[in-house]
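You will see chain A twice below: alongside chain B first, and alongside chain C after that.
Right after this comes the complex of A and B.
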């Protein structure tokens, strides 16, 4: 097969991802904001595809956010990661998969730095031993969780009940993909498709029937910026960058956005709400926003899961217009219910952004 | 080439992120921070590579080094394989270590950040945790999150999380022995020393500004003066 243009570049960045036997570590932000996505990931990998994914309660944050907020030294961040590797080693696994992009970038950077400066790895091993009496092997393979869903995308497509297609027109949905910066911007060869034409989400979108939109600010950061969000006084940075992306994608009329980073879906969702409330501007049709999803949420939707089991009620931008477009049925009365339909009231409504 | 420059060169992020800068400005063109703040990563990299200690000291005491969002977009684009974002991390590290961060408004934010992040890690084992993510500090999270924070237990149970529970799962309680190991890692690797240094320098600065440390926290977390932004 002769590859040309983008395809040629993609072909140079294909990863040989092991099929099975993974040590799974969670993401701080995703557990807080997209708790059902991680549950969905495990359900797809373990229950539907029957793969071996192991998790231990002893794993912790990788420290990545604290590190990128410059609150802990590099040695501290590295030793926390070394401890995680030790847990993998103790459990008898060699393939390591992280749910978080900041973690994935952190792990990639650390392994690369140790490669280049072996004396630093030795020092970290000594520190880990001193602190925890633990030793570790480095992972044979390091993946981000989206790499796995990418790998299994056709298996998911085979079992799909819905496709990313407008049921009225039969046209593929117009999908924006947003890749977290730390997925491949530092080490392009570590991400599926590299940094320029990452294919990890585009591959899922195509396999599930949608069309990927190319727009000028496709590779621009969502605006998280670590300290630029966690410190209240700096949040103008965060919303300005999100705003830039939305202004750039608006003319392409996206039906939905898929992301593979913990923070990005939160920022792309919530800053749409803030832009609507501050400026009266909305980016979807008829006063709605453009719904933003994690890749597991989209996998869950095409597999036919109940949207409220996927946690879509925790988004601020209403997802119902998209569900209607695809033809996914849902019970509006159940949206904000607790376990066993327990009544736990419902959120207030924004002034400008249309929600249910 | 002075003492500060030598200290910077010890940092692995400088070893990795500073080869030779040809001042092309590509990093600045791609940088989301440069778009918003009066910020130019090209200038910073050039200042460091010139190695003049008084210029570096000025940088370490300035707001400028705190404008970067550490997205690392510049790393992909630099034609000479520099990492301006990594150079920034090394500068911030040295500024924290020497206490120079208290000289600038954006630098002083290191105090609330350190309290929040290291508090979450050492108390919970997470960088972010529902117990400390207060809606009042995050109104941008919207009415849906206000409702969620009022019904945490119910929502997490509905979505299959293991909130504060034993064993694995989403937002499980991380066992005390694992938290003890994190604390021990902080002690051995300089994490605790860094927290104490940031606290000490910040307390001194708070006194100088006539504030209690609690007032200083609130002020540095929420206050933004004019003069940082391009469009001002």
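Right after this comes the complex of A and C.
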């Protein structure tokens, strides 16, 4: 691997990301899977870095899942998106940041389509007006939330209490970065680092002390693939894709995986359990899996947040071995305690995948 | 006084043209930006289909232009029109007044790193056709020497016939060059499996088809009709290639010791710059536009300006040489008024 070759490509794909004043839109599904990630993002941006990030409860789905599952036409998705832009306009913001990769891809594709076919934009404006009497300005800047954490990565590193380093050996952790397909594969120039060798997560990993693993199936889909999973008969494709990735990364002995998509951490995390049950195979050390994180969770960890406040107890793969490796303290007794120490019950333990 | 003809470019087209102009009693001046003559061919090892040593061709051409004025390491600073003549100012300070300028500015190999998915410049054992010829000439390339070569892949049409790369033209010589290089690699590494990934095989030239048959029959080279979708690297720095075999109707995945990208021909950007000084038009493929692509391929739309070789589009060595002779004849007709 020639690192300088990647650097050359990265230098050609640097996008402009304003430092402040963003209209933030959440994902439909992330709060169910990784409940503290979006809260963590807002806490880092607003409370720690003192930036102006605004969100509204009137925001809805972008229609991306339905669009990519072929259940709604693009015009419907466009009208939904036009409404989101109207909310941004009403709130007085020009910079739009999406938590979800598919939303980001959806917004990018729609803005580009309107650029190429302005008559379609006019039609969507008419449809939005008929539907809910709203008008909108297009965002001046569009970003994915991981672009922002990438931008703030060094500020976060300055405030970090932990680094992605093995506390016993002092060696950088070996980190797999997995980028959501809709981040830059459709429009390489819209992603930090482009489509083939994205730098958005690699930049965070480097800034926080880890080493990035480049393995053969790095570009491959996590296994979600929308219809691969949502059409029940196709789920074998979903897990076989995930399996392919794990087989490919296994020789590199990764300590952890970081992702920037709603679906990817879910599937990379949960399918490890299924693979272990089906084939008796685990990819971590001593029967554990490889823990999978969102970038906000990792940011929270290096900043010293309590792992259980970050929602890491909802992961399928046990995170404790990694926390021990970094030296992050945690109370095992509090793992399944919710707000006000409410017992949130213990999950059943898998047969083959070691968990706590 | 002998008529002066300025030849821009000291590749094989420029050399052949100079040689022919000398024979006709003219005074050619070759302006070459590089430190030596022969252009791309001088960097090549052997030429298809008879494996002719490229050095022999170049040295023969250089020998035949000994009487010509040659400026090496020299670029065109500017060209302007003064009455009936062109004033050519060179980067070495020399000014030349001439009625005739012959563009033999050739081509540039497509920059393979632009096809990011193939990993040139990122993965350790991904080379270009140019790199491989350099190795044939020098045997100096650690990417090849550091490993026991058991499998080699060749990717055709890298940056050619590729809308995404903004080069829709076929580079014409890559198919036969890939076959030539595949045979040469098989000769050097008899135990290696060699794979060629192609869209179409365009084997139009004399003996090209025979060469292709020989590659399959005598050397056992595998030809896969399908494009490579992505390249990656495994933990041992071996190259992993994913492609589609459109004849078998299935995707394939191969692990190789070496991958060679057949970079196509694109117009030389220096040529475009010089052509801009004279407001010479470019064709839709980015190469110089002839006054007519059938009858007058060596003529420009401007009086006294002529073209030869790959400045107007991808060409083989014999075509380039033939075109240089044709351009000389055209210039001679102009001068003599016949």
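Miscellaneous remarks
Operating definition for what follows: the second predicted complex is superposed on the first by the 351 of 356 C-alpha atoms of A that agree within 3 Å, B and C clash if a C-alpha of one lies under 4 Å from a C-alpha of the other, contacts with A are read in each partner's own complex, and residues count from 1 in each chain.
Here, a contact is a pair of C-beta atoms (placed from the backbone, for glycine too) under 8 Å apart; a residue touches a chain by one contact, two chains touch by 3 or more.
Note that this is a predicted model, so its numbers are computed, not measured.
When the shared chain is aligned, chain C comes close enough to touch A:216, but chain B does not. When the shared chain is aligned, no partner comes close enough to touch A:50: not chain B, not chain C.
In the superposed pair of complexes, A:197 makes contact with chain C only, with no contact to chain B.
Looking at the superposed arrangement, the partner reaching more residues of chain A, out of chain B and chain C, is B.
Of the two partner chains placed by the overlay, only chain C lies in contact with A:251; chain B stays clear of it.
In the superposition on the C-alpha atoms of chain A, the part of chain A touched by chain B in one complex and by chain C in the other spans residues 195-196, 219. Listing the residues of chain A that touch chain B in their complex gives 26, 28-29, 31-32, 35-36, 38-39, 55-61, 63-66, 68-76, 78-80, 83, 105, 113, 116-117, 120, 127-128, 130-132, 134, 181-182, 184-186, 188, 195-196, 219-221, 223-228, 230-237, 239-241, 244, 270-271, 273-274, 309, 311, 313-316, 336-339, 342, 344-350, 355.
Of all residues in chain A, those touching chain C in their complex are 1-2, 5-6, 8-9, 194-197, 214-219, 251-252.
Interface residues of chain B facing chain A in the complex, by the touch rule stated above, are 11-13, 15-16, 32-33, 35-37, 66, 68-73, 75-76, 83, 89, 92-93, 96, 106, 109-110, 112-114, 116-118, 120-121, 125-130, 133, 137, 140-148, 150-151, 154-161, 166-172, 174-175, 177-179, 181-182, 184-191, 194-195, 198, 220-224, 229. Chain C meets chain A in the complex at residues 113, 116-117, 119-124, 230, 232-235, 237, 240.
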